[in-house]
Amino acid sequence: MKRQIAALAAGITLGFATTAASAQQLTEIKISYQPALYWALPFYVAEQKGWYAELGLKPVFSTFPAGVPQIAASASKSWDVGGAGSVPATLGAVRYNLLTIGITNDESYGNALLATAKTADGFVKNPSSIKGQTIVLTANSTGDYAVQSCLAKWGLKKSDVTVKSMGQAEIISAMSSGNADLGGLWAPNTYTMEEKAGAKQICSGQDAGAAVPGALMARADYAKENPQNVAKFLAVYLRAWKWLNAHQADGIAMMKKFYEQGGVTISEASMKKEFSTRPTYDLAAQLKIMRRPAGGASEVDGWFTKIGAFMQANGTFPEAPAASKFITDEYMKMVDADPKLKAFANRAN
Amino acid sequence: MSAATTSSALPFRRWLALSVAGFVAFFAIWWLIAASGLVQRQFLPTPPEVIEKFAALTQSPFVGYTLQQHLASSFGRFAAGFGLAVLIGVPLGLLMGWFRWLDAIVTPLFDALRFVAPIAWVPFAALWFGTGIGGPVLIIFSGAFPPCVINAYRGAKFVERRFVEAAQTLGASHYRMITEVLLPASIPSIVAGLRISAGLGWQSLVGAELIVASSGIGYLLVKGQANISTSIVMSGMIAIGIVGFVIDALLRVLERRINARRGIAG
Amino acid sequence: MAASKARRPPWVGVATFVVLAAAWYALTTLTHTISPGRFPAPGETWDALRQIAITGYADARLHEHILHSVKLVLFGFAAATAVGVPLGLAMGASRAFEAFINPSFLLIRPIPPLAWIPLAIVWLGLGDAAKVLIIWFAAFVPAVINSYSGVRAIEPHLLEAARTLGVPRAMFVREVLIPGALPMIFTGLRLSLQACWTTLVAGELIGAIAGLGHVLYQASLDIFPAMIVVGMAAVAVTGAAMTALLGAVERRAMPWRTR
């Protein structure tokens, strides 16, 4: 009897040891994002589907209410990689040496200037009537960039309007209660305002000819020490977009859950619109837009240079960062060069 | 007329009647303003609408958790921040009350930081602590810390001289002086400080949760605002109010018990 | 702390600041123990101060920001005092009134001022009124509580004397109630003023275009720690100055009190 118990105990211990050993093979990677945003959906999908584990990664997610605290948190190394808007990503490059290693999506349509139901038609017919108005927006954000690009499109200067900066929630409160007529918002807040308060989108970044990308980021020191993990992180993200684009119906179901977790309930039509208005990039496309011709600038460089100039003009920093310094396709190239990762990143299921 | 004095204590029945009347009046006035259309209905729901939403939040999750779960999450942060404030603040206050040189060093710093709102530390909280509980705890700590120190300090400073002198003639070490003379004598002041500290710490919660995006009653409030749901916002405010009130009531009972035990009128 | 301040020579406070400033300089600029990303060095902070004072930051120069904030604080303080002190006195003077009002007071009191922001915006918009409302919620509580305590602390034999003499209500309030409660009223005012300054930052989150709270918010969006420190220091200095002013008013109002 004793021998049997001993054998059983040994068997159980061995069992634990092997699972522990295989569990140890998963390396932790700290990923940050903001909840209830279209470009963050792949993180959710990938985790639900267990794709991180397939590459030996164990993601530890941290969420932030906005880009600024997310960037600030990188200073204490509390996350390794993540996604954010291009404006916070640029700020992160200047302040904390954050690299931009890929593009989450083209959200030019999703960052816009909205007007209340009462005033929208008037502003659309006569944009110069925006002169002297108050615009509420979140400073140092992609929404800010879209609004100022729209003003430029209409020949207006920042000094022609009064800009009041506040969080997206405050903007929604102010506009829905009629205390502000014009506001800069990003999706899905744009859809919330349209559906629940009858506001109208009168000009988006796209309308103003300003490309507003979203950025995938990595801490420079982390990327230097763990290039493989960064490449794997990218491969998982790319696969998730492939899957979402191939299975939109299922994707929208997951989006609904993901958005609800973040406190956003918008109609299915709006969720479909997210997919249809915000292009994403697969591996080949990412490499293409990030490719730098001999001694020249890539398409992505061009986008971020404009954004840097905008932030410099805002007074956020004295000098915009050189795109070539913080934007790198090195890790995308690593995914491309590794046949296993490349195949993984291009899987649509 | 006899009203030219402050009145003596009311008979219980009268007190109860007036309190109930006051309570009812509050809700009646709220209801009236809401129903009158003075403010858009969307932005001032009636009491029953808010109560309904409050109940709904306890049943079905909003932003990932039910109301109670959000409250529990917030309370955890509060407990950590408040606990830290007490653990560091009370001994510091006692030490400052005893060692003049420590008082000289810390007091100017204290007076300088007194006007800095807990919310102003939010950017540093994100910078220093990033994710996790450290950031919110820092904010709550910054609100809860001053009263702990101030009241422990006052308690120690105003201990009757004869006790201090007696202990000194008996050759008490600094450690024994603080733990066996100053601390016991300062308890009433310290406990009063705990009440104020808990109140300020709990109030700092909303500011503390500005950098949080996972759970918490402050987070629920902001998300309610982003959804143009005034009833969720008001439910959040009520939940914060109720818990704050309960914490204060419990500490007040503690204060009264301790004062009664020591024969001080509470 | 006020009691021992009189005994402590002022140079000790100065010496403390000198030592701390030296430590600050050493830890940041000399040894880099604290990296600039975590906390600004004295040099950076000085540059930020020069920037905001001379060139301007967050749409205005330092003195304009200070003026904006002082204006808001004064409005909030005046409103809180105008409501809080009479309310507290009345609650202290009449148990019946206290019993009736207390429930409302207890319901409102535990709600943090910051939590009123969503309602303030939808009810009052983005102007000064909304900001003052936030400040008011913080400041009126100490005004009420301390005025109430002040009345309760009046020695009973004074009240007895007034009653036996049949003093009419108006004269009672003017000559017995208010002077008797005045010391505690002033304590309440001091706490009220402090609350105004600490809540100012929250209030100016509602669409401010200038003000020290606005500076702090903009600096946090720019992740500009040096400017945050400058903003905090400006709040501390202005707040302390206003409190000192209030202290001077207190001494004039109550010359019979030797401190």
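Letters A, B and C mark the chains in the order given here, with residues in each chain numbered from 1 onward.
In this section, a contact is a pair of C-beta atoms (placed from the backbone, for glycine too) under 8 Å apart; a residue touches a chain by one contact, two chains touch by 3 or more.
No experiment lies behind these values; they were computed from the predicted model shown.
S.K.: Hey, how would you classify the chain contact layout here, line, ring, star, complete or other?
M.R.: Contact pattern: complete, every chain touching every other.
S.K.: Can you check which chain pair, A-C or B-C, has more C-beta pairs in contact?
M.R.: Result of the comparison of A-C and B-C: B-C.
S.K.: Round to the nearest whole Å and give the separation of the Cα centres of subunit A and subunit B.
M.R.: 37
S.K.: Could you tell me the distance, in whole angstrom, between the mean C-alpha positions of subunit A and subunit C?
M.R.: A distance of 40 Å separates the two centres.
S.K.: Which whole number of Å gives the spacing of the CA centres of subunit B and subunit C?
M.R.: Once rounded, the distance between the two centres reads 17 Å.
S.K.: Where in subunit A do residues touch at least two different other chains?
M.R.: 68, 72, 75-76, 167, 169-170, 173, 176-177
S.K.: What are the residues of subunit B that contact at least two other chains?
M.R.: 40, 43, 123, 127-128, 224-225
S.K.: Tell me, which residues of subunit C touch at least two other chains?
M.R.: 37-38, 118, 122-123, 220, 223
S.K.: So in the complex, the part of subunit B that touches subunit C is made up of which residues?
M.R.: 1-10, 14-15, 18-19, 21-23, 25-26, 39-40, 43-44, 100, 103-105, 107-120, 122-124, 127-128, 150, 153-154, 157, 199, 202-207, 218, 221, 224-225, 230, 233-234, 236-237, 240-245, 248
S.K.: Mind pulling up the subunit A residues that touch subunit C in the complex?
M.R.: 68, 71-72, 75-76, 91, 95-96, 134, 136, 139-140, 162, 164-167, 169-170, 173-174, 176-177, 179-180, 315-317
S.K.: Quick one: in the complex, what on subunit C touches subunit A?
M.R.: Per the touch definition, subunit C meets subunit A at residues 37-38, 57, 117-118, 121-126, 205-209, 217-218, 220-223.
S.K.: Per the contact definition, I'd like the list of subunit A residues that touch subunit B in the complex.
M.R.: Of all residues in subunit A, those touching subunit B are 32, 34-35, 62-65, 68-69, 72-79, 167-170, 172-173, 176-177, 189, 192, 196-197, 261-265.
S.K.: Give the list of subunit B residues in touch with subunit A in this complex.
M.R.: Going through subunit B, the ones touching subunit A are 40, 42-43, 62-64, 123, 126-132, 210-214, 219, 222-228.
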